[in-house]
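The next part holds the structures, each set out as structure tokens.
Consider the two complexes below, in which subunit A is the common component and subunit B and subunit C are the respective partners.
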Partner chain A sequence: MIEIAVQKELLGSIGKMDLNVTLSIESKSFVALSGQSGSGKTTLLRILAGLEHARGKIRVDDELWLDGTHCLPPQQRGIGFVFQDYALFPNMSVLENLLFVRKDKALAKQLLELTELTELANRKPATLSGGQKQRVSLCRAMMNRPKLLLMDEPLSALDPTMRNKLQHEILTLHKNFGTTTIMVSHDPSEIYRLSSRVVVLSQGKVIQDGDAKSVLLRTQGSQKFSFEGELLDIVKVDVIYIAIIAIGQQIVEVVLDGSEAKALHVGDSVSISAKAFAPMIQRLEK
Partner chain B sequence: MLETLKALEFTPFLVSFKLASITTAILFIISLLLAWSLSQSKSRYKPIFESITALPIVLPPSVLGFYILYALSFHSPIGRFFQDVLGIKLVFNFTGLVVASCFYSLPFMVQPLQSGFEALPKNMLEASYIAGKSKLKTLFCVALPNIKPALMTAVIITFAHTVGEFGVVLMVGGSIPGETKVASVAIYEMVETMDYTMAHIYSAIMVSISFCVLLGVYIFNRKQSHPVGGIA
Partner chain C sequence: MGYEMVQVWHPLVLSLKTIGVVALLLVFVGIPLSYFLSKEELRYKWLLETLVTLPLIFPPIAIGFLLLLLLGKQGWIGSYFNAMGIRFIFEFKGLVIAGFVAALPLMVKPLQSAIELFPKAIKEAAYMGGRSRFYTFVFIILPCIKKSVVAALLIALARALGEVGITLMLGGNLIGKTDTISLAIYNAVFDGEYRLALLLCAILIVISLAVFTALHFFQKEEQFL
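Let's turn to the complex of A and B:
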């Protein structure tokens, strides 16, 4: 069980901001930390790692990591940390990166096998692809069998295919080692697939906390679909209006009547939802 | 011409290189810890320490030489302590020259190392701390092996700069042949005594050596210049 109650004053994108987070996290759970840029996610992760000071209290099982002025240094916390930019040691080979954390060849071998990196054990990080580097970083973080694994947007620099593959590997490692994990992520599908709980931060405070489905699904009441998008244009066609809306990477058209068209302006953020119809679903050939 | 070359006295060069080697070795150890602490420090007093470290770059050698001469002489508590308690005389001998050179060349070792450490990705060092490694272990196993170009620059420039020093050496060491008469002082004396032929030869040797050293550093750094850290 991890009990967190921390406060810290931050300089955010819109001036001073108070990070004030109180959370308790079950052992062996997988928590996704989400929220807009500058909401304090990375800072919270760094406070948990002992890389930044804060006021308050952090208790992990029977250990006090932070209690008022007492702050356990990162060296003594026994955690794993996966950085967005991998942070591998360029002077060491893949295997040496792992063994630097702990001289446990059997564990290193097991981790490399799980992540299909055995062949690359003697390569230097500079010769690896982004996905391979992040897998090494993940293995390195697991080398001291951490009580807590922290991941700061570990997959955001990777392409979608590699992301899928690594999500699967993160899940495998989580199942094999049962490590309590906190991951910062913006990707709903990633959060849904990996985490058992989602905590959303805004302006340094927790604004949503629940299971992935209840936090991520944006539908209300009898809505079957609900998407958020940006209104790009409103075109008049005969007596009706057509709104052009960007949803993620796609553009859709929605028919509006005159009063709706007047109430909306180009550039507005809009939600598009539908009720009571049967959507068709077809598998896309790759 | 051949006779002139035969009469060439290499002792001043040997004294210069011996002095530069010992100074570089001592400064490497001192500066490694100093540069590492400065690079990791967030103290508000850091600029004061940085300024003190950089002083020898801007001070006239005569000022530095004068203070060092005074500090090492029997008139100062430091000089007296060394002479009375340890029995070491620190002026007008080789030991004094080494001490003076260490002050004079300090910034040339500290600054490249500090910039090298500061250019390392912060996450890389943090990853080492999280792996349970102390700051000292991180310095030797992670930081130092990844700043090779800066390390090379620091060592070679310190060596070359010590070979090239003149004012401080003259003031603290004088010109005792085989003991404190380094190449630059020997050239100065040759010009004073209007022995221009020897002055030319000595100067040409100094120019050649300095050029080769610098060329070596630039070629090495060019070969090493690939990005360090995560995203390549």
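Let's turn to the complex of A and C:
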């Protein structure tokens, strides 16, 4: 069980703001931290890691990490941290990166096998691809069998295929080691796949907290099938128009008529929806 | 020939011995000092930086004179050492101090910026792996910036080799005792022995070319991932 109650004044996207977060996190759970940039997600993660000072209290099981002015240094917290830009030790091979944290060859071997990195054990980080680097970073974070694994947008620099693969590996590691995990992420599908709980921050405060489904499904309650996207182009084909729209990481075509085409401009933010596929019938009360 | 070979060998060996000791001092004092100065939250940082950089801006002969006042037998610091039987002026120690003071800014400044530019996240990753700041510096940062260290050391030593002003003041230019190779050139020209001066210059040219070649190799940029 992790009890967090921290305050810190920081410079956000719109001037000064107060980070003020109170959370309690179950052991072995996987929490996603979401919210716009500048809302304090990364700062919260860094406070948990002991890399930044704050006021308040952090209790992990029966250890006090932060209590008023007393602050346990990052070296003594037993934390795994995965950075967005990997932060591997450039002068060491993959295996040495892992063993730097703890001289436990058996665990290093097990982690490299789980993430299919055994072949690359003696390579230097500079020779690896982004996805491989992030897997090494993930393994390194697991090396001291952390009480808490913190991940700061670990997959946002990777392409969609590599993301999927790594999401799967993060899940595998989570199942194998049962490490309590907090991950900052913007990607709804990633959050849905990985986390059991989503906490949304805005201006340093928690504005939503619940399971992935209830927080992420925006169209809850209305029987509408709806997506938001960006209008990339409108092409005229004979007498009709075709709009090309980017939704998430996919491109779709939608047929428009002349008046609709005139009302829309390339670059517009649009919603695409369909309704009444199946008429529904309900008895009205007299 | 109007000169003897000992007039060539003695200054050359003396200079090499001097920069050898200066090199050790630069490694064991210069590197820790660079690390110390790269700390963000350091009190009186400006004062320390000014002191280290001063010999780069202030005329060497004036620095030499100030050091002479400071380290002389009656000097502020020198009098304490004199009581213990340690003297700096007109001694080999004086040459080392002169070379070290002149070389220090050229070692510390580039290293300080290399350490400051080292990615913060990599250091933090080491801290969270349970490693201390010192351990991280010795086993992660230094190996990663080793080319910068060697390049800075070479430039600093080249400066120490060419040092004349401070050396003249602290060493006294005693022939056969404290006449380094640069001073020996001055002495030879002064005595009208142009052939000796030319030979000494040729030796310096060879050394400088070697340093240039080494620099070319070590100054290639370091990449962090």
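Simple rule for what comes next: the second predicted complex is superposed on the first by the 223 of 286 C-alpha atoms of A that agree within 3 Å, B and C clash if a C-alpha of one lies under 4 Å from a C-alpha of the other, contacts with A are read in each partner's own complex, and residues count from 1 in each chain.
Rule of thumb we're sticking to: contacts are C-beta pairs under 8 Å (C-beta built on N, C-alpha and C of every residue); 3 or more make two chains touch, one makes a residue touch a chain.
A quick note: this is a predicted structure, and the numbers were derived from the prediction, not measured.
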After lining both complexes up on subunit A, report clash or fit for subunit B versus subunit C.
clash
Quick check on the superposed pair: does A:A157 touch subunit B, subunit C, both, or neither? Answer first, second, both or neither.
first
Would you sort A:A126 into first (subunit B), second (subunit C), both or neither based on which partner it touches?
both
When the two structures are overlaid on chain A, which partner does A:G267 contact: first (subunit B), second (subunit C), both, or neither?
neither
Just checking: does A:G15 make contact with subunit B only, subunit C only, both, or neither of them? Give me first, second, both or neither.
neither
Under the stated touch criterion, which partner chain does A:G68 make contact with: subunit B (first), subunit C (second), both, or neither?
neither
From the superposed pair, tell me which subunit A residues show up as contacts to subunit B and also as contacts to subunit C.
49, 51, 73-81, 83, 85-91, 100-102, 125-126, 133, 140, 143-144
Residue ranges of subunit A touching subunit C (in the complex, touch as defined):
49, 51, 73-81, 83, 85-91, 100-102, 125-126, 133, 140, 143-144
Residue positions on subunit A within touch of subunit B in the complex are 49, 51, 73-81, 83, 85-91, 100-102, 125-126, 130, 133, 140, 143-144, 157
Which subunit C residues qualify as touching subunit A in the complex?
119, 121-122, 124-132, 139-140, 143-144, 223-225
Can you list the residues on subunit B that touch subunit A in the complex?
121, 123-124, 126-134, 141-142, 145-146, 226, 228-232
